[in-house]
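Input: a single structure, listed below in structure tokens.
Labels for the chains are A, B, C and D, by order of writing; each one numbers its residues from 1.
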């Protein structure tokens, strides 16, 4: 067996807790080992938890609109910490306002995220992708 | 510091005040005497308390948006737009999330970046960073009363700046702006800090300035059973009253079943008045606010209009004094001013159209009201008991014991054992009562209601129901039926 | 021709038929036997009658738009759009006004001009000019059942072409498509002509094809008191049943007071079933439709969404089998397909969200139902009396005598003495009863209700109230209060 | 005294009767002699009535969308009938669909109408204009 570990959390000063709880539940049901940092997680906490648990992926949620400001530099920090191979996903309402998703996606891909999801994406979409990316079935 | 529900002494208040005003440079500009004079000069039609009293008297439901952007001129433009093109009766100034967490440096960066980007990178108006003068520019530039809306656990500096800045209403409370809005802030500390806010409002009252105070009703906005939000409203009203607050608006986040929503608003008003009287606060004016559905919205804008309308209808039929309005962009992001105005206009059409219809007090409605009252009293009375008669102490102990417990809240001071789910008619009931101090009769009532639904759906009562209900309105349903 | 409520004889029907099919060249393509075979092959989920029966059983409220444009391909595109992007459950084909008045030559010009202009210059789909094959192209190209909606006093040729063309539901009636839709057409003649339509549907029934029939409920759409529209619905149902129609949807145009609207729909269904049974028509399936507010709309689209939502809510809470949907463009003009879809989506959100809530039968609701029943029975029974037991003759005599009288109708066969106005809660009452056969108790009831309002408005009961009420919803109110 | 006579009616196959009743009421209240032809009025009826009553203005309503088709040639017919000086107003929902009013206005002005009104215009706007145009106070 080959259980993968993922870190999930809501970044920054964001307290939207409902989606986070469901996300954790869904990933666990799908067979992942989930380390749920909850809400209001800063970049260092994500990285610390990933190192500590030898995680395969970090899944960042941001709902409240400051995602753009909060996520800057996260990839660089990951690389610094030797986590360049850890997958980095982002989802939620990543920017302030109703923006064309292509723009938001571009922004976050440019910041070094592997995958980016629009508002309200079903967790199962993310689960299917991560299974592909991590080569689990 | 020892938390008790007692008016802060002069010395205590002013010693805290000194350090508070130093938290950020703009604090130094606050001059209480001058601010009182300033507030006394605000015309009646721009005073929140006054406008609410009028509305309550005439049985009208006022409409109010949420709105706030990073830059002053843009924020003024936004508010004026919402009056001119959205027919807003009352205005908000929604504060950004950095300010809510007292991260003024990050807010400063957000202001700078917003200037450079030509659009708001903050999700609200950073009032502390902008300071008193800027706040006055805002409140003077508009024709309606303006309220500060936020979600700030420690809001003391913000309160000082906001009231000196001409805002005439202030949202929040030590419970309602902690448990749903914070992760690690001690409840004891936030209740204590909000005593400061309430005391400041009380001192303004003593100087003839009536500032409206509004505990945040919807909490996590997601399937919160009426008894829980009502209990918080009663608690925060009592805490505020003790500090000298005189004009209080208690709130409720719409759940979606009309009868329950009407019952929730009516019982909320009655219970708050009742407890205030009982505890000897005789001269307090209580009004109500219904928040249009506060949980996940449908992405489609036309469908969002349906949800918005249903909230407007519930507010009107319940006879709420005001309604806080959502927008067709809700599921997507902070709305444009146009989207915001359109949510307002939809709401305006309905509250004025339904103005002359009230929901009659039928037996069914009365039953629902009585259940909510019974539950709320059970919670509040238990909290008094745990606090040996002190509601402040009792609240801290109550959360610890889980006798009050807010579903889905991020705070570690919340037990998080209570799980809500809808019954077969879509009313929010309690699937898992945790440590709520309910007698067997009440517990059985909830259980039966949910069992009834489960039977019709031919499945067992389970957490899956809760998940289905969280998604339901976003997917066009009220009850999250299995597919 | 002597008008009696009796099944048209074989000879009479077929002799009329011959000349009807010659009215316009496309009539020649109608082949009954072939059409029966064609209809029998339409899959169940595309049969209107079937889908309504299912919805009634499961307590759902289906949603249906109005839509029709001049050209076939554009019309197909429009209907598919309304299913794909508007989630319509049932589809319409709204016929243009020239066709409604049998002005096929003008319709032909309209088609030509629309081709040239690249946009529809007709306000609907000219089905007669297009003919059977084109109608089948339409009904085959879509996945939902399609109904013909129009307003045609003499609809005989249109019926022939439409049913042969694969439409499975047909709106209208000899009263409801005359008095509100015509100026000089004799009522005797239109009832007679609609016996033809009903008989044709009856003959299809005898061949195993069930075509749904829907009397047009809202009439002039403007402050029509429920008893008047209910009376017309009962009359037309009886007329249809006599000719062999088996699947009937009775309709009502929302007035805006929730209790009255729910009472109107419930009493409508009950009374129709009751009269049908009483007169010996035992095997007829009755379903109901609520039309979202049919009078003047607000011009602002967001406000229109509010009105649309309120209609959706009323339909759901009343338990109507379907709801006919307005659009945010209502006040301005025939909607674009996008506007049409958005009205549908708003409505869908509400009917599905409110699906599990029914309005309980409270005393107040029961009182309202009983009043409407009393009034409606007074009218219908008087009409039977005037016709010496024959409802067809009685209807003609009844309109002449004004014992039934539709407010604001253009027809000279309508007395036009009745004037409606809203009471203080917005329910539509009767300010001037004209010759309605009401007893003193009923007349006093209406008078008192309106006097009550007048008192609160501190003015006399007058025609100005009626005018104010006509404008009210367009101006954001239900009751047209003085400014 | 100087009572002006106006013809009002709803043109074509249009049966929208409510606005017409209110319009008639409003013009009468404003002191005009109103000849109300009601709904479903064709061009010849308008002209016949104007000749017969020596009218000062013809006020055409069209709600149902065929106004464009129905109003063509009316001005020419007026001129033929010697009514070139009779004012010609149009109002209602003159064309099919929600169109920019400027376009509609242009169309109807080009057809020879003196004034054209957008959907839902208050009758008093028309009354004020006609008083000006006819020089009554």
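Heads up, the rule we're going with is that contacts are C-beta pairs under 8 Å (C-beta built on N, C-alpha and C of every residue); 3 or more make two chains touch, one makes a residue touch a chain.
What you are looking at is a predicted structure, and each value in this text was computed from that prediction instead of being measured.
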- Note on the structure: Neighbour overlap between subunit B and subunit C returns none
- From the C-alpha centre of subunit C to that of subunit D, how far is it in Å? 30
- Gap in Å, rounded to a whole number, between the CA centres of subunit D and subunit B: 54
- subunit A-subunit D separation of Cα centroids, rounded to whole Å: 66
- Message: Going by the touch rule set out above, what shape does the chain contact graph take here: line, ring, star, complete or other?
- Response: line
- Message: Strictly by the criterion at the top, what is the full list of touching chain pairs?
- Response: A-B, B-C, C-D
- Task: Please give the residue numbers of subunit C that touch subunit B in the complex, ascending.
- Result: 256-259, 298, 300-310, 312-313, 317, 341-350, 352-357, 360, 362-364, 424-426, 473, 476-479
- Message: Which stretch or stretches of subunit D touch subunit C in the complex?
- Response: 12-15, 17-18, 21-22, 25, 38-40, 64-66, 68-69, 93, 95-99, 119-120
- Note on the structure: In the complex, the residues of subunit C that touch subunit D are 97-98, 100-101, 103, 106, 109-110, 113, 119-123, 151, 180-184, 220, 222, 295-296, 299, 329, 331-336, 339, 408-410, 463, 467, 470, 474
